[in-house]
Each structure stands twice: as structure tokens, then as C-alpha cells.
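Each of the two complexes below includes chain A, the first together with chain B, the second together with chain C.
Take a look at the complex of A and B:
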């Protein structure tokens, strides 16, 4: 586990896998109970008839940000011990485009496809299998992509530092943005023809 | 939108606004003396010059090198990617903000260890985390990585690998070619003394 619980020495790193299993189960349960195992529900974001994906992810982001900053303020979490995935801007853009196309075509992202496969959905199983074929091909052809993969290294970059504002102010703006999006999505959904699925 | 969602939205905005208007956290707390003493005794703050060199070559984005030497020395030579901070400004607000950014290992170095140790102690005392020292400083880095090394004929394969890595690193930093003396070959100047056992007495008979 890469959070501050193990980094702070409160829990041994030997618990990594135990945490991973329970967090994975919790994540899978949350995805399934939000309806994320249905590709038609997920694809609704692109057609404007169902915005549950955006709503769930935005809610998760703002709740996690608020929780983390309050816990840090109260001295319960050492913010500086967080592991931040380094940013490789070129591969992030290229990967984002590929993932976006795959998301729109297949109706799943990697996590939700596992969830759909676990409940026995055929489209989920096909997507899941395709994902592994893609991983295999990418691994085999990695030397061809290696330079691009590692280019544009920005280190562990935080978006608030890019704008030169504090994490607290950024979170406040993010919450306003999320609420605006919730209302906007509701308005768009009202205008688009309902689809039964 | 349903009333419950409106209420939830209002709660979220209030919580987020609270973060912005809450008074800033006071100066960083001083570390507990027991914890500080424990940190001083244990040696995990040291990173070897080989470890640092490896991370520089790998372009490790989590590495932040802090050069504590005077500015004129820093201008003359510094490790790639290092930033120059004077020891007396280590705890200024902008530097503390730099030191508290998540995901970075801050590695202090100077010419030797003394100034880095002082800097490390100041930072650790003020509860800054992930602060390390490049053991031996720039002098050790120069002696280990830039200076050519001769391998003993009896060197183990691990030592040979290490010297190979150092030679490759030397080429990386200086652009020097792989000169014969830079290759991790056993030196021929040193003669190995071979002591031979006296032959055992011949057996008198046999089957």
C-alpha cells in the first residue's frame, strides 16, 4: 500500500497485500453497486442520457480531497508522505487518447471491465480478454515505444502547484466545479431522450 | 434536483470553504526528542553515492537534490538537477514548502558530510520527512564515480559489477571514452604470491 499509513511506520509493509485485497473488494463492490458493470450505463456519459460515471468519480475525488486535507490539518495524516505517481506528459496524453477511444468503443474502463467480467457479463469478459491481449502486445513491442513512454517527465506534479495555488483553494474550486457539473449534467439529461436499458 | 442533493451540495461547499478560511497551521512542530534521538542514531538517512548516481542516470522523478554549498561553488559544478539552497535559509517558508511537497526524496549534499548533517538535523527537528544525506558528499562522489578505479585480482563478481557501473557512470557524466584503465579488468601489476605445499611423501606400496 502506498498511502501514508505504511510510510509513517504505523503498519508494517508486510500488510501491503492484505490491504490490497480488502481495498480491491471494497472498490469492486462500490463499482458494481453504482451500476458500473453495465457498459450501456457507462456509455451514457458520451450520449448524454446517463452521467452516473462522472458523478461518482467527481464525488469520490472531492470527498477524498476534503478528507485528506482535513486529516492533514488535524495532524492525523502526514501529507508529505503521500506517494504521487510521477507525470510523464507525452505518454499521459497518448495513453489518454487511446484509453478514451477504448472507453467509448467498449463501454468499459479496465476496472469496470473486471467488475463486469466478475458478474459474468459477456461484453465484460470480451473486453477483459482484449485488454490482456493489448497488454501482451504492448509489452512485446515496448522497445519501440520506450522513448515516448519515458519522455516529458515532470516528476510527481500536483495540479495546484501548476496553477500556483494552495491545495485548499484548489479543492474549494474543485468542489464548486463538481457541483456545477452535477447540476449541468442533470440539465443535459433532462433535454436528452431517455433510453431504457 | 432532489432536496437531499441540494443539502449535500451545501455541506460540501461549507466544508471546502472551511479549508480555505481556516487559520493556517502554525509553524511546524518540533519533533519529539525521543524520535529525534532515534533518527540520529539510526543510519537510514544516508544514501550512498552509487545509489544517488543510479537515480540520477535513471532520471528518477522522485529525487530532489539539494546542494548546500556556497553559490559560487554550485555555479562551478553541481550534480545534474540539483538546486542550491544556503543552509541558513533551509527553514524559510518557500524552502519548507519545497520540502513538504509530497512524493519527493530530498537529498542533501555539500563537499563533505558536516553541513549536510546540520541541515538534516534542522529539517528533521522541524518534522520534515523524507530528508536524506548523500554519504561523503561531493568529495566522495568525485572519488568514487569520477576517479578511475583499479580492481584487485581477487575482486568478487559483485565488486566487478560495481566498478563496471561506476565506469559507465563516469562516461555518462564526463563523456570520457572507455579507456583501458577504465575497464573493470584485473590489474596485472600486482603479482600474486603462490605458496606451494610441499609434496607429500610417496607411499611406499600400493595395491
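Take a look at the complex of A and C:
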């Protein structure tokens, strides 16, 4: 079956939300079982005592990128039907900076706070609650940010085109970079003072 | 599998965890043609709530009206179902790996109260930023990276780059 099986009409779109529940279960399971329900484990990346975030995040990015290119090469996925997040340079940078501050203060990102709340971490639940307030404030203040929100629009631009290389070559370089980071992470972790958590 | 020496729970090897996460993400693209997300579910919940209380306000808002109002059904949304699934999946993992426990996790050097205040503020700021960037660590960064989206990479670098600096500023809360 050529994917994406919903977008290409192979499977009725009525099934989409059913799949969403199961995909979400896999998502939550993967995050929680890797240790992402613990804010002190997540934040370890920024102090060098636990690089689980780097290892899980980049392994996942590689598996999915390689998998999609491979399925596309085999004719099993129509890449043009995949949703590629459009690029808005300004808001991607400014929004990312704001999220980075929230990350360092709260110790979670939205997905991991859901997982933390699911296993009874009250700090995760409170972070998740805080998000509702933040989203509400942004929505109400939207007119102030509307220009920034839409500025620097490049459409669904792919990063390999910026460097003028093929998606395959970019992904290959990404894999090399990630392996380098994994070794670097192991090296730093060996040097840094252990933290009890 | 690695045992946590403090609470006796188990963690998967991070590379195995990454392969599972990547496979779920790949399946998500193969089935639904889109990546995983989290903040979008909060956005739709907020839009639905505001729509229930003040429908005219939603109609007039350039932001809410994209997701709610009229015949739009913000809660009947892929991301909302996916996040509900994530809640169940994480709970299941908590049972299997012996991690279900009601507690506030924090550094012994700070109080629970301080931890919760920072968790609330962190969530608030993260939620705000996720709307500006049109996605969070999962929806914009991870899912974007899977399809080599330029914006996904930029958001990822901005989040992690800033968090390295900000974590140092807030280090007394953590180490």
C-alpha cells in the first residue's frame, strides 16, 4: 500500500482519528519509557549529567528521516502528500527562543509534560496547565504579534535545498553529525560531576 | 534496560527508546501523512473553551477563528485524539516500568512550592512560544526534522540553544 494511506484515499479518512489514538499511545509509551516523565532527567542534557534527550531525540529524527526516504525510494510513500511544516523564519526563531526559556524553567516540553502527568508527576500536570494560560494569552494578544507570526514566510521549504544538496545526502550528513554528538555526549557525561536524581 | 537506583523503576536504553519513537513517527507519516504533536491539542482545547463561553469573540478573532467557530469542531481533531492516546500510552509505560507515583519531582535544594511555580511559569511561556512558532518540540522540531523542514530545524536549534543558556541562569532550581 502506498502511503500516506489516509491522504492518498486508500483508507477512509474516518479512520484517521482512530489511528491518532494508537499513534499517540506509541508516542506516549516511547517518551515515558525513555525517561521523559522526569524533568530532572530531561534537564540533565543542559548540565551534562544525562544526555537521554539528545540520544532519544536525534535517534528518532534519524529513524524517521531515513525511513521516509527509504519508503519513498521503494515507491511505498508519496513524499509530495506528506505534511511539511511551512517555514516562517522570524516566528520560528523567536518562538523557539521563548520555548527554550520555558523549557529551562519548567523542565518539560508539551509532550513530555503530558507523559509526566500520566504517571502522577504533579509538576508535569502543572506545566501542562500553564500551557493553557500561555496559549490563551497568545491568542488574545494575537493582533500584537500578527506581523511577526506571518513574516519571513518561505513555504514548505526543505533544509537540503538551502545547502543545494539532495535530501539523501543531507540525511547522511545528519546521521554522521548525530553519531558524533552521541560520542561527544558520552565523553562529556564522563567528565561532569554526577547529580543524584 | 537500566534500573534507576533511586526509585527502582526501569528505563529503556535511550537508543532503543529513540528507535521506537522514530518508528511511531514514521508510522504517523505513513498512515496519516503528518507528524506527531502536542501543543496543537492545547490550542484546540483553548479555542473550543473560548468558543463555548464567547462565540462572538471567537468569530472576531483572527486567531481563534482559524480553529473554532462556525461549523468547525476543534475537539474532533487528530492532535486531540493523539494526545489522549499519549496520556494512555505513558500511563501504560508507567505501569510496566514501575513509575506510577503521585509526587512533585524537584531538586532537594528547592521546595515543592518553588518547583510548581516554575513549572507553571515554564508551561505558560512554552505554550506562548509554541503558538508563535506554530508547533512545539514534537510538532515543529521533531516532526519537521523528519521531513527535512527548514523551519523544523530552525525551531529545534532555537529551542535547544536558548535552553542551554537559560538552564544556566536557572541552575539553582536544578543542580
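Structural remarks
Here is the rule we use: the second predicted complex is superposed on the first by the 194 of 197 C-alpha atoms of A that agree within 3 Å, B and C clash if a C-alpha of one lies under 4 Å from a C-alpha of the other, contacts with A are read in each partner's own complex, and residues count from 1 in each chain.
By our rule, contacts are C-beta pairs under 8 Å (C-beta built on N, C-alpha and C of every residue); 3 or more make two chains touch, one makes a residue touch a chain.
What you see is a predicted model, and the numbers here were worked out from it, not measured in a lab.
Residue contacts after overlaying the shared chain place A:149 against chain C, while chain B stays out of touching range. After overlaying the two complexes on the shared chain, residue contacts for A:33 are found with chain C alone; chain B is out of touch.
By the touch criterion stated above, A:196 is placed in contact with chain C alone, chain B being left untouched. After overlaying the two complexes on the shared chain, residue contacts for A:16 are found with chain C alone; chain B is out of touch. Applying the stated contact rule after C-alpha superposition, one finds that A:168 touches chain B and leaves chain C untouched. Of the two partners chain B and chain C, more chain A residues are in touch with C.
In the superposition on the C-alpha atoms of chain A, the part of chain A touched by chain B in one complex and by chain C in the other spans residues 62, 79, 81-84, 86-87, 154, 156, 158, 161, 171.
Listing the residues of chain B that touch chain A in their complex gives 1, 5, 9, 12-13, 15-17, 19-20, 22, 25, 59, 61-62, 99-104, 128-130. Residues 62, 66, 69-70, 73, 78-84, 86-87, 150, 153-156, 158, 161, 168-169, 171-172, 174-176, 178-179, 182-183, 186 of chain A are the ones that touch chain B when the two sit in their complex. Contact residues on chain C toward chain A in their complex (touch as defined above): 6, 11-12, 14-15, 17-39, 42-43, 45-47, 50, 61-64, 76, 78-79, 81-94, 96-97, 99-108, 115-116, 118-140, 142-171, 173-175.
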